[in-house]
Amino acid sequence: MPVDPPEYEHFEPFQFGGVLPTPREFSESASVILPIPFDRTTSYMPGTRNGPRELLLASAQVELWDEEVGVDVHPRGLLTLPEMDLSGLSLAEAMETIGSTTGELMDQGKFVLTVGGEHSITSPIVGAAAARHAGLSVLQVDAHADLRNAYLGEPHSHACAMRRTLDYAPLVQVGIRNISEEEAKILPTLRTQIFYDWNMRDQPDWIDRAVAALSDDVYITIDLDGLEPGLMPAVGTPEPGGLSWRELTTLLRRTFERRNVVACDVVELCPIPGMVSPNFIAARLVYKLLTYKFGLTRQRP
Amino acid sequence: MPVDPPEYEHFEPFQFGGVLPTPREFSESASVILPIPFDRTTSYMPGTRNGPRELLLASAQVELWDEEVGVDVHPRGLLTLPEMDLSGLSLAEAMETIGSTTGELMDQGKFVLTVGGEHSITSPIVGAAAARHAGLSVLQVDAHADLRNAYLGEPHSHACAMRRTLDYAPLVQVGIRNISEEEAKILPTLRTQIFYDWNMRDQPDWIDRAVAALSDDVYITIDLDGLEPGLMPAVGTPEPGGLSWRELTTLLRRTFERRNVVACDVVELCPIPGMVSPNFIAARLVYKLLTYKFGLTRQRP
Amino acid sequence: MPVDPPEYEHFEPFQFGGVLPTPREFSESASVILPIPFDRTTSYMPGTRNGPRELLLASAQVELWDEEVGVDVHPRGLLTLPEMDLSGLSLAEAMETIGSTTGELMDQGKFVLTVGGEHSITSPIVGAAAARHAGLSVLQVDAHADLRNAYLGEPHSHACAMRRTLDYAPLVQVGIRNISEEEAKILPTLRTQIFYDWNMRDQPDWIDRAVAALSDDVYITIDLDGLEPGLMPAVGTPEPGGLSWRELTTLLRRTFERRNVVACDVVELCPIPGMVSPNFIAARLVYKLLTYKFGLTRQRP
Amino acid sequence: MPVDPPEYEHFEPFQFGGVLPTPREFSESASVILPIPFDRTTSYMPGTRNGPRELLLASAQVELWDEEVGVDVHPRGLLTLPEMDLSGLSLAEAMETIGSTTGELMDQGKFVLTVGGEHSITSPIVGAAAARHAGLSVLQVDAHADLRNAYLGEPHSHACAMRRTLDYAPLVQVGIRNISEEEAKILPTLRTQIFYDWNMRDQPDWIDRAVAALSDDVYITIDLDGLEPGLMPAVGTPEPGGLSWRELTTLLRRTFERRNVVACDVVELCPIPGMVSPNFIAARLVYKLLTYKFGLTRQRP
Amino acid sequence: MPVDPPEYEHFEPFQFGGVLPTPREFSESASVILPIPFDRTTSYMPGTRNGPRELLLASAQVELWDEEVGVDVHPRGLLTLPEMDLSGLSLAEAMETIGSTTGELMDQGKFVLTVGGEHSITSPIVGAAAARHAGLSVLQVDAHADLRNAYLGEPHSHACAMRRTLDYAPLVQVGIRNISEEEAKILPTLRTQIFYDWNMRDQPDWIDRAVAALSDDVYITIDLDGLEPGLMPAVGTPEPGGLSWRELTTLLRRTFERRNVVACDVVELCPIPGMVSPNFIAARLVYKLLTYKFGLTRQRP
Amino acid sequence: MPVDPPEYEHFEPFQFGGVLPTPREFSESASVILPIPFDRTTSYMPGTRNGPRELLLASAQVELWDEEVGVDVHPRGLLTLPEMDLSGLSLAEAMETIGSTTGELMDQGKFVLTVGGEHSITSPIVGAAAARHAGLSVLQVDAHADLRNAYLGEPHSHACAMRRTLDYAPLVQVGIRNISEEEAKILPTLRTQIFYDWNMRDQPDWIDRAVAALSDDVYITIDLDGLEPGLMPAVGTPEPGGLSWRELTTLLRRTFERRNVVACDVVELCPIPGMVSPNFIAARLVYKLLTYKFGLTRQRP
């Protein structure tokens, strides 16, 4: 009966929310926040490695009571684990370690919310979740399809994050506005349904349709570049278009109301020095996910 | 017959609009812009102390003619007073000084537009206005309810700004998306009507309803974090959601058309080095308020 | 039979898109991207001189396949020419050089897409285009009318850019939210139709009406401050309001579908150090223009 | 027998050195680090309020072993207390609170190292120290004499910090390169000896002479603008000239070797976003002071 | 009997020193500070156009009393003229305008201190001074020799600034650590004496030798990149090495003591957003020049 | 007879010096510049991954003629290879790849100058050099000894860079001012001679002594934090103290004059957005190394 978190080398963790009024030990926590500052991208702007730290620093300002749901879920327990240090490993080894660590947490009954770091961390977590939830599907909010089979020869690149994820579960991809010809051509053969940013709003019920396309057990991955770049400029490869805060929260709320969300991640925060706004918004998003998870009553059909 | 502004120690003021084509002396000015770079917050990002200076520097680029109303109101007079220096005072003394100074300006017939600085400056100004306009109500645009009774033991904290204001006038609060459990619980007993950001737009006539909730004499306080953080990232505690420029200007225009606005403030600009956009937007907002005040004809019911 | 680009002193050019998979020589290129880092403004924030360089650096991350049109147009050829160095010239001489250079490129059959630099570069290019396309009209997306006859005594100032352009072609101006009294008064005598930001959306068909106001041959000039400043803060004089990405792309798509666009420019990018998002967005806009030009089939009425 | 630190409202403190290998409780600590983010200056650049936090964040990278003295002093105990929040108080009240709090710490036998915040915090601490060490003198490293009697009408302004300190103890001022005519004229009547930056090095034994001018019990105050601005640009009012790191550490080492240093402060760190170098240097200076205090054997004459 | 400054279009000027205690009208001022934000360089970092404005903003913090010379020279009059706007002119026309304007000021008996802007502005001012002081020589502090005959085809480029100056007066160049092969080869034929940064200190009397190489009437031009880049990073093309503040002030003091300095300039400040230190240092240098000019007694040989 | 560079996946390289007047093919180049943007540190500030790119961008402004040696060495050939992408590999695999690639270049007769990236890249290059030059020694300029045996459990961490290097060659370490107790204790058993920053200058001939401690064949590794942090703030863990530019260049020049330098590296540039000075200085250092290598005649004893 394991009640301790998985062990690994680490610095002392920052805690989400700073000093919480009702802190919980690991064994009492319904959820854990796991920072994985993994960042091996060769993109134009590095910096996602700092994402978890800045998100956690900003989180001390997040109001614990949610005015929309009318609840403060933090007494359910949202312990922040130490950052994972994967610097010595190959990409393949790092993927395996992420998968086994998050799987162990799931076995201990935790709702795992991972904070990246780059998007490549998603596939092993989905692998762990799919092994525990048969028929799992994935809701992805993102600007990029990330469905390349390999990028610069590397199958575990962040540009291939969702292609790897497809090995474990089918996808519903929302907000997509960057996709390569290679990906577009292979699409019909893949287990994915794409809601393109340029035309998804032409159908007013697009949010309901996206949720309906998901199976009962759902993993949610949010690449922050899925949001409008005005709201969220602190990402490595911003794209014009994207979801508004209202669209994103509506999509998430309905998903939590109608499906069983088993784990989620928020990735690709790439902080801009001197500009705290994106860090606050990412922290608020993390807490919104936990609020929906523990504060909403699931609507049975 | 006082025709001089109140006296206090100061540096030479910057003037709103830079060098105006039709400058007016204090005695000829229908309005005065009063910068109060008051900043004692313990929030994550300080810097509102620089807000008035950067707003005024940016204001030199604001076009004096307003294409919406079709008027240039600056010949009515918009003299910028020197920054108030309250550094030596306790919070309670500072509040008293702000109240007496703005009251004196009101007695001289000026439309007082204060530029903050942090939100705690609002309550004494409302106090001064309420003493001169029985039945005054307050329109607050803000992300935060600011209704705590005390914060870290301090009743004059910016987190309590509107609770103090309630001593003088009832509130209509718009765009709220951050409120604590303590505030939410005490709400039913307070003289305030809240339009929450997450659901206020569900009623298409929400702007008309907000204006209708105001009494005839109105004070307007705009915390810049009430705007969308994409548009206005330069605030101490940004929150996703918020009013668009169009929503804010529509709300303000209708308020000026239907009510007697007696004074207003724009607070919490916290400039980001190297990014002038928020400073320009705040300056434009200040001038929009003056344009609506002096350029619109009030619609009698 | 000239097949070489015009000659001028220059540094080595960056190429749009970085190292393209299907590069084309000048003679094979259907279009050329011409960077003109011209910047003599006395505005508050300089820096448009860096605009073309940062746009081109960011362009290496732009996906070449466009998911909206379903095409990759780059094999049609989009050669980037070297930056023009006009530093030694007077304003009048610089205007003449820009006009003759772009005219020469048009004579060689190129679709010329100029990247600024400040807005004053537009009028000589329109002059060159009008000399080759009788009855040309101009679609301008901008926050500022730029219709002053002179600014600080200078008729070629960026604040007069479109007044000079009127010498060559009539205008349709979209998104305008900054205009001086002088400009507003002279408007009725000018060959321009303005869609003001504050009320253009009151007519749901405003985009169709704007396109309908254009003649068959169209030049498009996009001042980046025409976009929402949240999305595009990296401009010299930001203004609240403005077009969303969706509004802008819809307007552009319909213009390309219904008119013959003969050349275009994207001007006034003023990069913010440490914030790459606006540079990416500007680069994506450039490629969107080329995609619409070469990827859409023109709809004959 | 008090073994608890003084009580005041606070957030959870950051600890100097991050997670120390040999942490000590308050009762076991030979020294305490007291952050006072006091900042009421009206100077050009605010931001000293962030100084303590950034210094403490950077301190986690400071090597605990000192290669010069050959010792790791941290097991003697260097507990970091929470930040003092003085925001509600008048200047005079704040001074009194600082004096009583630091005095209480001294009574508990602690070596008090205060981290500012602006320089005005020094005089009450010197007052507390002088009350416990008759004949105390002060070593001040600074660019500014800070000997004005009042500044903008305020006797407790940071520009008067050392004039107030003179009420409690005589001064030796090193590195001075900014002094007003008023201060220069009154100098002969004050208990201070100034080593001007422009000529102090003309005498090769200037460091020995500065130390010799101190009484046996010494308080050290280091305004970071006393250092070269190349090394330490993150101050509110930088001045060219100033001490090199080698000059400063030599001066400090000899003072600790030859005198009894009873307390000290490091003030006026004003962090620059995106530039961590000054924060590291300030943190290293704090640890150097503690290393000299607890690692050196005092040389008896 | 002209007592008015030359006329040109301008915005309202900032004043050096902010609001001076003893302001002087133009006719009473012994010196004038002339900002020329001229910036047409194609170098890597633009931004010298902002240099004069930021220097003047920072100058309000400069102490008017100089502790080295023991004097406050500002009552002699240091009026700041408005920025010159040369944006419409060709390089050759701009040079001519600068020459005639500064010449007119010299004819009115003013000590002219120009603040750049890029280095190309120096040669016309030297031309004006040489026309009024036969036998004039120039002291140049700089990292770059700037002796190219043309750069990218342009003879008035900042990279040719001192080659053009040689047409009017011989040079003594100090701190040089960047020179092209072309310049090095032509050196023996030019009227210049170079003190290279890499070896000038090998002769301990190098400062005396530099001064001795000057004729009786001297013009001083200081390119801020002549200073150490640690102290002065805010320049377009920084170079390691360079003069310390002490070396520069010693060189300047001896020049003013032994020669008749007729005018001077400080150029190439290229402000870094968020970092005020270089702006303060440049402002202090400007005031040091004025202090030496009006506060020192010239030593007759 | 291989005349091609080693092959690996890459983007298109930037070239040192931009567009060189006398470019050389790989086969003609006496030296190659190899960028390795390797960055897996968990230090406070990431960003060395951007170091090579920013150094190369800045290098276009470096003057090719060196005024100290009186030579332009670039016609000997200084081809810049593409950045190595090691993102998919484990640390151990990455080390092996770096070693084999640089070894191959050495076998082709190239002088290899590597640009980092973090310091961990040094040991495999030294391994490659030592395999080809028996009796090799290493000159290290650095603030940190980097002699830990492991850091957070990882033997290939940058904090262990020189401990790994000791497997291949003895060290002379200069400028050291950060060393842990563990390292200090083990020192007597290691093949290293340390020149501590705090006391090395006490012996005026310290530079000669450092060079004398080197064997005939020398590898030079320069961690940029070995320089003064005022000059070089753009490093991950700055330390006060450090070498001046003059000290560093003197040390390097004498090493090249008296020893056979077989290869070298410049590592740990961590660019600061908006501040180009450190990037220029690092680029100038790279070229200084090449100038000394190919421009100096070695002095035989």
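The letters A, B, C, D, E and F name the chains in turn, as written, and every chain counts its residues from 1.
Just so we're on the same page, contacts are C-beta pairs under 8 Å (C-beta built on N, C-alpha and C of every residue); 3 or more make two chains touch, one makes a residue touch a chain.
These figures come from a predicted structure and were not determined experimentally.
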item	value
Labels of chains that are neighbours to chain A and to chain D	B, F
Other chains in touch with both chain C and chain F	A, E
Fewest touching-chain hops separating chain A from chain E	2
Furthest chain, CA centroid comparison against chain D	C
Taking each chain's C-alpha mean as its centre, the one farthest from chain A	E
C-alpha-based rotation, chain C on chain D, 0 to 180 degrees, nearest 5	180
For chain B paired with chain D, centre-to-centre distance based on mean C-alpha positions, whole Å	39
Rounded Å distance, chain A centre to chain C centre (Cα mean)	38
Residue list for chain E, restricted to those that touch at least two other chains	11, 60, 228, 230-231, 273-275
Set of all touching chain pairs, with the criterion as stated earlier	A-B, A-C, A-D, A-F, B-C, B-D, B-E, C-E, C-F, D-E, D-F, E-F
Interface residues, chain E side, partner chain C - complex	9-11, 37, 39-42, 46-47, 49-50, 83, 85, 87-93, 152-154, 156-157, 273
Residues of chain E defined as touching chain B within the complex	11-12, 18-19, 60, 273-274
In the complex with chain E, residue positions of chain D that touch it	43-45, 176-181, 184, 196, 198-199, 228-231, 233, 235, 237-241, 272-275
Footprint of chain C on chain B - complex, ascending	57-58, 60-61, 63-65, 67-68, 70, 72, 228, 230-231, 245-246, 249, 274-278, 280-281, 284-285
